[in-house]
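Here it is, the structure, as structure tokens.
Naming follows writing order (A, B, C, D and E), and every chain is counted from residue 1.
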């Protein structure tokens, strides 16, 4: 355990440094984005039929509390806020804290990302084992190629195809939104069913988009383990197929767990396409919308949260490794 | 002529936080390699042989002590100058499979250092070509066959010869051969050993031979010196034949006892020294380093460390006694 | 049927004015607030969609009103039976509080600055259900419209936002002397507090109250205290969120919407929508047009001949067909006014204007007049350098992108090298446009029915005329958002001055000014009017009937108002 | 040694190599197909725009026409042949992809080599940098960046994508370098006093070349997808046609996800992406085997 | 301990081929070998001579792309192993035949403690009394000079090379197998550890009454422990007989050359010489004729065309055309 704790402290320090750098970079970039939230709001009001004067005054009132001061002051203010857990105020949803917005978006990202990733992980790992064992067969080949193909194709292609199929050609699933409002939120059948129905397509897309990667990773991992001496040795000791399979699976899956942790972190940022296509109100969509609205605070906050997710995932991946691999855990040479 | 005095080396264990023990690979080793001479280091796994070889070849730094090459102490020199000296010492790796770049032909492999050499000596390109053939012939292989080929097309023995030829391109004074025959088929081992011996005689290169198989030491040169090293310390040293036939340190005797007897051809020696327990780096290093495993240890051994004594055949033991541990010929 | 709200009594629609943000408060002063106009948010009255008269209304919280001819004084009589959803009556005090809150937000009628045209000078409670609002000295003919557009909120919920001395502070802010600025600051300083105020639950005077909201939808339920409850058919209203038109199309095709707000829709999609049982399209007047506008300080667009040449080359019918076949009609010509209003404003005068029918020969002549030369089939600048027309549009407006692409294709056909450049989003587009970075860009205009609003889009701040605190100034091109950069006067006419006069002018003068500006716009072409929008809405007759007919003057109002007016009835048998 | 023993220089191994390539190709016909597909796209990239008149012809009476012989994928919103759009759009897409790949690989390899070869302090600093690059969420940053920076040319696009994407390669090259460094032949080269340039350029890089080449192919696809994706989201300004623009216009303008009429307009670029991916996957599969050391044992 | 039953093994005409790019090539060509019950037999030969392949064949465990293409392996109590399939084969492995792997350094699952792997072994072979199995394992380890309890609680990486090798032997014997195959049991161990392992092998063999097969390329190792010795070259057993005899008076020119090539501690250095040429690989084994002829000092015309069949010479089997001819043999003998 000592090892784990020492690793953790080291990682935390490095992770914090990393977050600080990323925060600073994003701050600088974001403050240099052209486009003025005030003008955007103004034109929006005009389109809604408000008179030009009225729109002007309304926007002035709305943005009376835009960040002011020199860039440096804003920066220190921002950092200071961060340290106190304050991500600032949203401009596009005035009066609401960025943290609140991110919090409510995050829960919608977590659901399909987690679902999709776990689904694809299970699927990919199972098929990957199969592909490795049937390496030279036709089916194994097909699995490997389809895996590479799906792994190579970008998420949005899959998302668009899935949407086209299930909402246009064969409309059996809702095309967007997180859940039907008709149901009282909570643990009632209607709500849960609706939740699942709405999440199905995004989850399916995540699953399809990443399962190919899992197949490939698992295939090569299994192939490596199969080549390891201890598997042959175990076979020569007459171990049962089930036991043998567990030997292979556990050893092969070990490196994949770290990738799993990492990809969960990455997916927070990668959800952009899927959430846009399915209009799913998660972090990705929040980021896209915040950029459209030039909501600096929200943009910075979302970016920060996505970064933190990655850093945390990195740390988690490493610790996970340390916990489940005895070679690391007990501090021996691997 | 290369001499080393009091060479120490400690590996700091990094990254591995729990096992954060430092490893003392060398604890003050003295040695001297005469021009054209042969020096062999033997010892158990992990006792610092490779480390020493790499230090001598300039591929590894050392913590203290001094290496003097042809009268010039290395510690006073700048990195670049030191490199120039160390170029005279060439390391021949244990594994001939990884010692050659699989993507380059033997021709390309030999040409690179020779071209450099030609430039340094103001010779022509043709000289480099000629020299490559010469060297291959010298190590006993057919240049015509070998030059255009890739390493994977050669056998282990051939590769090891190519590796030696490559080392010879810079006209070294010392060849450091680290376990150079352990990965080569039995039937070919003697060939390499004979080659090294031959090179000593013909080119007047010295050979620093590192092995855990003492028998091979005899074939590099019976006029050579043998150093028995244990946990970074030289425990016995002397002319090869003398040490082999009359070992006095229990560790040397244990090593020699462990060598399998070729029954049918040889008979085992009358006595045999078997260590009382296995090597463990965690053993205390107060007193004699071998004490824990020594069947003949006394109280003194556990508190005081013997140092290598004298010149010629010397040892670091409080209770030296010759024992008949080596096998004798069956016919005798 | 997923997404199809089969359960009776639920009315499903979309609020075209905003995207739903579940985290926003239930507060009409918050631009993202979760209140829905016509359903749970009420104004005093609902403006009719009249092509020329901005001051015609349907009653809302105000059952009736009287106004003096110069709009100096408006007396409002509240609905006698109006109650909040918690059972409390809607009173004059509620209206006064709402107006007070509007002051902190700076509405046109409620500007703190007394010099601002059309701002209210005094708000007086006459009795429990009567309020009188007086206009200040700087009169605007839009005063009534602005007052009646006031959103009414319950004083017993929002009242606490106004400090006790609010009205005296307001008076001080509108007076003279050193304390004015301080008082002003105190008023505007309230804005943030008002915007972020988040009541625990919705207290509505409208036919519905908000039950709950999630990022995708909002659910409203019937307010049993609504004054005209017998008019309201649905028990519940579901408002769906949308982020892009294609989502609305999807909902329509799946038949889940009872009514949908205005959307641009491609022909193929329209066909699919129509195939869904019960779906019907209702079209009406929409006082908006889209145009191609020029940065007139940039060569060669500073030359009116070039602009005219382009006008002669663009086939507006074709552009409309490509870009917005259902929600647009090709502009008859460029007047700055929507064709329908133009008829009313200009009458026969239209005939005297140049129609700019496609005429390559005339275009060539105009180009030659501008000194352009033709080399190897391509037009080049007078100095011989290549001419490339770059048309900028925001990527998110699909009909604009299609229109711009159609235009470039047409220009290319006529030997003018043209491309479309998109901006990532509308905000960025506007910013770069305002910074004068574009030669040619798309521009919304003809925002009727008020003539001032119409021409303000061409001869307002985009062209250098700034109306601040009742004071008109002209800034040089390239500064403060003057990206059109047209001349301040043309043949002795100052269009900016004329436009600002529209604010206060009487009907006859307005007609005269509009005539002048239309002619000027037609000749000078600061913009080329491409197509006029048609308010295209969708309704479904499968669950409800009584939809407003085509061209109805309620068509721009939310369906909630239709219900208030007693139009929507549950379909028999459903 | 007699002169007759002068053998013709390394002709045999090279010929063996190509024979190996051929054998690997022939073993699975799908690999041939892969090469053909990639070649097809390369051809479209180079000659595509020359195959059609510029500007592309439009047919005002066939907006969103259904697929036919004349228009295998139908037409777009202004009656232009969709297939022609895909073909002429290839160049832009590939160019940006190539630019990205070159930068990614150059930066990644350079940094990875430097870190792995020099180890020590260099390594620490460069690897921290790499970690940082890998930590920054790429797509979100691109979104944010695309509002600051208008990627008007495919090359600019490539530069930015490259700068955001070298981390993976750098890390991999470093670990390769570290492991090669432990191999005897690198150490021997150093011991012989050969120059760093020689060691890196002649000994290290060739050993990693196949690996780098495969990474480069993968980087090309990655870049193409990122770029098409940004166009699809509409965050990049566009002036020329390319696949991403087509996707954007089909979905957000044509209602391709809503009505079947515009579906071919959407499917054409999607299929192009799928096909290109398939081609590259098959080629990488072949390369994987060609450069596998197993094949050298003969 | 149960009364010992040491099985005999008869390998007949065993042919094993590997699929290569050049087609299926034989790594073993018609090998015949008999292991007498209760003896230690050694197989020596250079790299690639087919030692491991032969050892694996004893368990019918040749790994793809290899396969046994002909011949039989009769083990007392098991029958012809080549015909065994499925669960029968699996149960034979471990229970009847113990195998100590060539790279015993890595023959343990890195994620499980030795004890857990022992339990897996027990369960796989339906051992009812697992505690007894653990006790037996601890006893065996103790016999080999290890602290059984500690070892069973250790992961592979916590054990040294010598300890791992002993664990490997323990796992091969713990189910009471009486035929044990050890493939290169001491490669990669240093001298002193090697000596210890060899001593253990010998003692355990005697105590438990085993039939043991040791595969090694180090003749010294074979000489130390074996009773009889088989020399392999190019997929054939070229000489087989009692160890002392084979080493003391080798008949086959390859055996002779091999012994002469071994560096030794005693004797005249000048006598030792390397074998010329190099050992064949799968691709370079001649298709017909004697496989050793390229390196053979006694090469005759017949060697080019005819593969010499193994023939009995006293207690020995030798496969060489020259050995039948006393003249040649006598001539060469002077040099030995």
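Simple rule for what comes next: contacts are C-beta pairs under 8 Å (C-beta built on N, C-alpha and C of every residue); 3 or more make two chains touch, one makes a residue touch a chain.
By chain, with names taken from UniProt: A, D = Peptide ABC transporter permease; B, E = ABC transporter ATP-binding protein.
Model, not experiment: these values are computed from the prediction.
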Path length in steps (a step moves to a chain that is touched) from subunit C to subunit D: 1
Chain-chain pair with the highest tally of contacting C-beta pairs: A-C
Centre-of-Cα separation between subunit E and subunit A, whole angstrom: 55
Interchain centroid distance [CA atoms averaged], subunit C/subunit E, Å: 92
Subunit A and subunit C: spacing of chain centres that average the CA atoms, whole Å: 38
Residues of subunit B touching at least two other chains: none
Of all residues in subunit A, the ones touching two or more other chains: 34-35, 167, 175, 291, 330, 332-333
Junction residues of subunit D - those touching two or more other chains: 147, 235, 251, 257-260
Residue ranges of subunit A touching subunit C (in the complex, touch as defined): 34-37, 39-41, 43, 46-49, 51-54, 57-58, 60-62, 64-65, 92-96, 100-101, 104-105, 108, 167, 171-182, 184-185, 197-198, 279, 281, 285, 289, 291-294
Contact footprint of subunit D on subunit C as seen in their complex: 244-246, 249-250, 253, 265-269, 271-272, 318, 321-322, 390, 395-396, 398-399, 401-402, 405-406, 409, 412-413, 419-425, 428
Subunit A contact footprint on subunit E (complex, rising order): 56, 59, 61, 63, 90-95, 99, 101-112, 117, 120-121, 123-125, 155-158, 168, 171-172
Subunit E-facing residues of subunit A, complex: 228-230, 232-241, 243, 247, 250-251, 254, 325-327, 330, 332-334
Residues on subunit E engaged by subunit B in the complex (per definition of touch): 46-47, 160, 162, 189-196, 198, 217-221, 223-224, 243-248, 257-259, 261-267, 269, 272-275, 278-279
